[in-house]
Amino acid sequence: MEKALMQREGYAALDEYTSADLLAVAAAREVREEEVVFAGTGLPMLAIMLAQVSGTSCKVIYEAGTIESQSRSLPSSVGDPRCVTGCSIASGLLDVFDQLQRGRIDLAFLGGAEIDQYGNVNTTVIGDYLHPDVRFPGSGGNSDINSLSKRTVFIMLQEKRRFKEQVDYITSPGWRVRHWPSGEWVHRRRAYGQKFAGGPTAVITNMAVYRFDEESGRMYVDTIHPGVAKDMLQENAGFPLDFSRCRGETVPPTYEELDILYQVVDPEGVFLAKKS
Amino acid sequence: MEKALMQREGYAALDEYTSADLLAVAAAREVREEEVVFAGTGLPMLAIMLAQVSGTSCKVIYEAGTIESQSRSLPSSVGDPRCVTGCSIASGLLDVFDQLQRGRIDLAFLGGAEIDQYGNVNTTVIGDYLHPDVRFPGSGGNSDINSLSKRTVFIMLQEKRRFKEQVDYITSPGWRVRHWPSGEWVHRRRAYGQKFAGGPTAVITNMAVYRFDEESGRMYVDTIHPGVAKDMLQENAGFPLDFSRCRGETVPPTYEELDILYQVVDPEGVFLAKKS
Amino acid sequence: MQDKQCSLKEAVQMISNGSTLTFSGFTIWRRPMAVIFEMIRQGKNNLHLIEVNSGSHSEMLIGAGAVSIWESCWIGHELYGKVPYCLDRKMKSGDITAEDYSHQHILYRMQAGAAGIPYMPTWASRGTDILNPEYDMLGKAGLRDGQNPRIPRQKYAFVSDPFYGEGEMILVPAARPDVCIIHAQQAGEEGTVRVMGQTFSDAQAAKAADKVIVIAEEIVPESYLREEPDRNLLPSYLVDAVVEVPWGAYPTGVYGYYDVDGAFLREFASASKNEASLEAWFGEWVYGVESHEEFLDKLTVSHLMSLKANGYHKYSTRVKRGVK
Amino acid sequence: MQDKQCSLKEAVQMISNGSTLTFSGFTIWRRPMAVIFEMIRQGKNNLHLIEVNSGSHSEMLIGAGAVSIWESCWIGHELYGKVPYCLDRKMKSGDITAEDYSHQHILYRMQAGAAGIPYMPTWASRGTDILNPEYDMLGKAGLRDGQNPRIPRQKYAFVSDPFYGEGEMILVPAARPDVCIIHAQQAGEEGTVRVMGQTFSDAQAAKAADKVIVIAEEIVPESYLREEPDRNLLPSYLVDAVVEVPWGAYPTGVYGYYDVDGAFLREFASASKNEASLEAWFGEWVYGVESHEEFLDKLTVSHLMSLKANGYHKYSTRVKRGVK
């Protein structure tokens, strides 16, 4: 769209928002009414708070033990006392993880260091696990939350080395995974059997929104962010991207969404730095 | 002892206390300093509160979810709000039963409808379980608490039909039990293996105090209550009693103990009715 | 936000005949009695009760012929009646299948249900007849064929500990009730639940169930409950219906609100000894009143005031409990 | 009643070299930092950490060479440092055996320990390399021979669900730490512990351990804590030592008391990138001070006041957190 037209319709132009803003906005749009949403630290928090303030009556759960938070001040991580404000339950991990396993979570917002074409995420090591190049923090609840929620949306930075044909280590399961104890590669549905609840439905990066063909388990491009060229996208991926179902451009943030992000959700600039 | 001498030494005479009083007093004397004691409803509560008020610094746990109670008013059952007064933790069953299984309980005070020579207790049915004569309330926590505490003291009424060679149904395990799934009769130690923590150490009835030979698993008479004759004891038991280790008479209540029971522990007469 | 508030009658209509139920409370404390009475009035039947422990409320449902399966570890009226006459009669007549577990076993069954796992391991109650395979009553009744998703294929299983060599564990199957009915001191308009004093096994029961109906002494603003979220039991989204029913747990007791009415329970326990006196009791106290309000009026204000809890002590200091 | 109060130095002397430890808190929140610093000063070594999750406190212990086994699911400094450089280096040098679990797995390991059972079943994280048997690092190190009672014979086991036919469960072994070190907001003189806000996995950690050391912001009368027993975390008899250490969790944050000091953690994270700068950091902030009091003085009052929590909000409203 042309800039003047965009502005008339309330959408911000390319030079008026950052890629973090778009990530948060695109993620917030994945939330449906009345959903119970599990959110990790960082951009997931921006997304869920944006969705809430925008009027989506979702319930947010943080891993460290707060349920239905209504934070007034953006938490810097899920253990932050800011998570407790206005929540219905302040308890602990056992409450939250039991509910997760009981099937109560509709949507999970998570991050990841690297991802592969099947949506497998690695936050543990770069290189061979037994002789790693770099040690990362590890799974945290990423794998559990992703494996037991009905839908997962990953929010991450896209670089060639992070968008891989196959991750070095499957920390968090995608659509084709290894079935232990045998180690056989199987579809996620088979690995989870009767406990299958869903899986990764979207990966939102600074360049595009990806979704998954649940049968083949493979990622495809859904929408490309404004200002990103197809070949730029491919250059920043370690496997051939599937553009066959691309619906066009990602809808940019509205001024209202940006206002909420900067005035209400993160006025301190904990995660967001305004485009200068 | 002669009545005048007893009184001089502070002990009440036979006509000055009831058998419930003696039960409570004898049970209270089983408590050691700093012990964590699990107490059931009824006489067990009188015993533990008597021990506490008498200065034994024990901690009492009630099954429904109160820990380290310091009740001011005698609870009528373990779910009573009176259990909560002065406690360190008001929680629920899971907390209490997890701690029990973790091996935190030193002593359990429990009741029972019928008992056998090995200390197996039945509170479930009279008669064949598949075609019962009378249905009783069932195990409650009796079996769990007894099976996982270091020592158990049963407090009960002695009648021939309640003191049996073998109980109709093992609700709560004694020293010779059935090992499932095989059903083989084994010593309690074998049934519990590494989880063996102890077992019934005393049965206090309205007539006598019994203890157990842990090797043979059999009950023997430890002390006989004042005023009870040996043959009267045997008449009220359904199996031959072992008097070989009898130490003589049960020490009667002191006036001070009776005062505590009637003035402090149960002034309302919830469980106690003063001898008229 | 959907409106979860409804009437007692509407809430009870949400419970289908044949469903598997569990309840808040412990023996004769904080039981959802107003719902029990209304269930009897509505003629519920063929219910499958699975309870961490049972009590007067279930003796009433059983006595009224509403129950076909009872799984628990205990039933009675505490001090006010030792023998569960209704269960005793219905077992003998073959109208009820009763499955006995120990307290820890069935608590762990509920916890497994709440945690979404099919079982929990435990060491409790080894050596007892509770584990006797001859006494698997649902098995004997042919109900462990996997047809009913609320009934596991085995009463127990035994599996060796592969980690510390501690021997054979007892595995107890998850409890998976359709509905849990909770009586709480307070609930918010959105459904957040606060329980005061001991929470018993309420959290496990509610979280194991697919649907939760909450009866509260008081409905209070959500914002009030959310000022102290560490005192709440359940988040709003786990709750499907909220009804405000003061004295709704009477004749059982509620921490901070009122004591058990021992005399009333003793009267029921005594009436339950035979069908005729039981019917008369139901006629007077259940079928004979239209609503909870009528029931309370029949009890009289002065009677209820003797049970009302003291604001500091959280129990009644005026109730006559013993011989004095 | 035995006196459990002691000094920080005495409490840390209760921790033996070679023991298995776990801690209160979550990532960079409510960690017993004063104990961590004192452990480093006392030269503790050969420790086996088993933690529901880890954080800056463990990076410090690892960096100081105190740790030989680390079992957890996560380690880092949240926003303030993504890479656990100390663990990274010690893994590469072979000084540490690191065993990865998922969060739910290790939480359930701690819960099994707290409940006195050898394992818990779970469905979490199927399909991941966390379950890859090639990645059983304690097994590879020959430590699963049953000799160490704190190390189970297998990392995982898989057993079929016999009850609902749901397939193969993951069994995770109990965690059985020697000592749990808890930083709490308040403790009574007898040892009753109150934790405010989120309780994280503190109850599981403390109950799984054989011994519990409690560091409290404030020691308060037992009678005060017992007026609201539903807000307490641990009963007195589970607690072996109590030490009052205001600001004892700094630079991690404490609900109702103070915020995380992000800049301080970022500085540590940055210093931890190589041995030389790490040694300099320890020299300045750990070995360079004699006591916790000296450490606080070095931080200055005005700095700490910027982190102090607002009495209503429970977090600091004055701390500079972002770019604005």
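Order of writing sets the labels: A, B, C and D. Residues in every chain begin at 1.
Going forward, a residue touches a chain if its C-beta (ideal position, glycine included) is under 8 Å from a C-beta of that chain, and two chains touch if they have at least 3 such contacts.
Small disclaimer: the values here were computed from a predicted structure and weren't measured.
J.: Any idea whether A-C or A-D has more C-beta pairs in contact?
T.: So, comparing the two chain pairs, more contacts are at A-D.
J.: In whole angstrom, what separates the CA-based centres of chain A and chain C?
T.: 41
J.: Calculate how many whole Å lie between the centre of chain B and the centre of chain C, each centre taken as the average of the chain's C-alpha atoms.
T.: Those two chain centres are 28 Å apart.
J.: As a quick test, compute the distance in whole Å between the mean CA positions of chain A and chain B.
T.: From the centre of chain A to the centre of chain B is 58 Å.
J.: By residue number and range, which residues of chain B touch two or more other chains?
T.: If we look for residues of chain B contacting two or more partner chains, we find 66, 84, 90-91, 100-101, 148.
J.: Which chain D residues sit where two or more other chains touch them?
T.: If we look for residues of chain D contacting two or more partner chains, we find 116-117, 122-123, 164-166, 197, 199, 203, 230.
J.: Which word fits the touch map of the chains here: line, ring, star, complete or other?
T.: Looks like something else, not a line, ring, star or complete graph.
J.: Which chains are in touch, pair by pair?
T.: Applying the touch rule to all chain pairs gives A-C, A-D, B-C, B-D, C-D.
J.: For chain D, which residues count as touching chain A in their complex?
T.: 25-30, 52-53, 72-76, 78-79, 82-84, 87-88, 91-92, 98, 100-105, 107-108, 111, 122-135, 156, 158, 164-167, 197-204, 253, 255-256, 259-260, 262, 309, 313-315, 317, 320-324
J.: If we count contacts the way the header does, which residues on chain C are in touch with chain D in the complex?
T.: Counting only chain C, the residues touching chain D are 116-123, 146, 149, 152-154, 157, 159, 161-166, 169, 171, 173-174, 196-197, 199, 230-231.
J.: Can you check the complex and tell me which residues of chain B touch chain C?
T.: For chain B paired with chain C, touching residues are 41-42, 63-66, 72-73, 76-85, 90-94, 97, 100-101, 124, 129-130, 132, 134-141, 143-144, 147-148, 169-173, 177-181, 183, 186, 188, 191-195, 266-273.
J.: Any idea which chain B residues touch chain D in the complex?
T.: On the chain B side, the touching residues are 34, 36, 57, 59, 66-68, 70, 84, 86-91, 95, 98-104, 148.
J.: Touching residues of chain D toward chain B in the complex: what are they?
T.: Residues 1-2, 114-117, 188, 190, 192, 203, 207, 222-223, 225-226, 229-230, 232-238 of chain D touch chain B in their complex.
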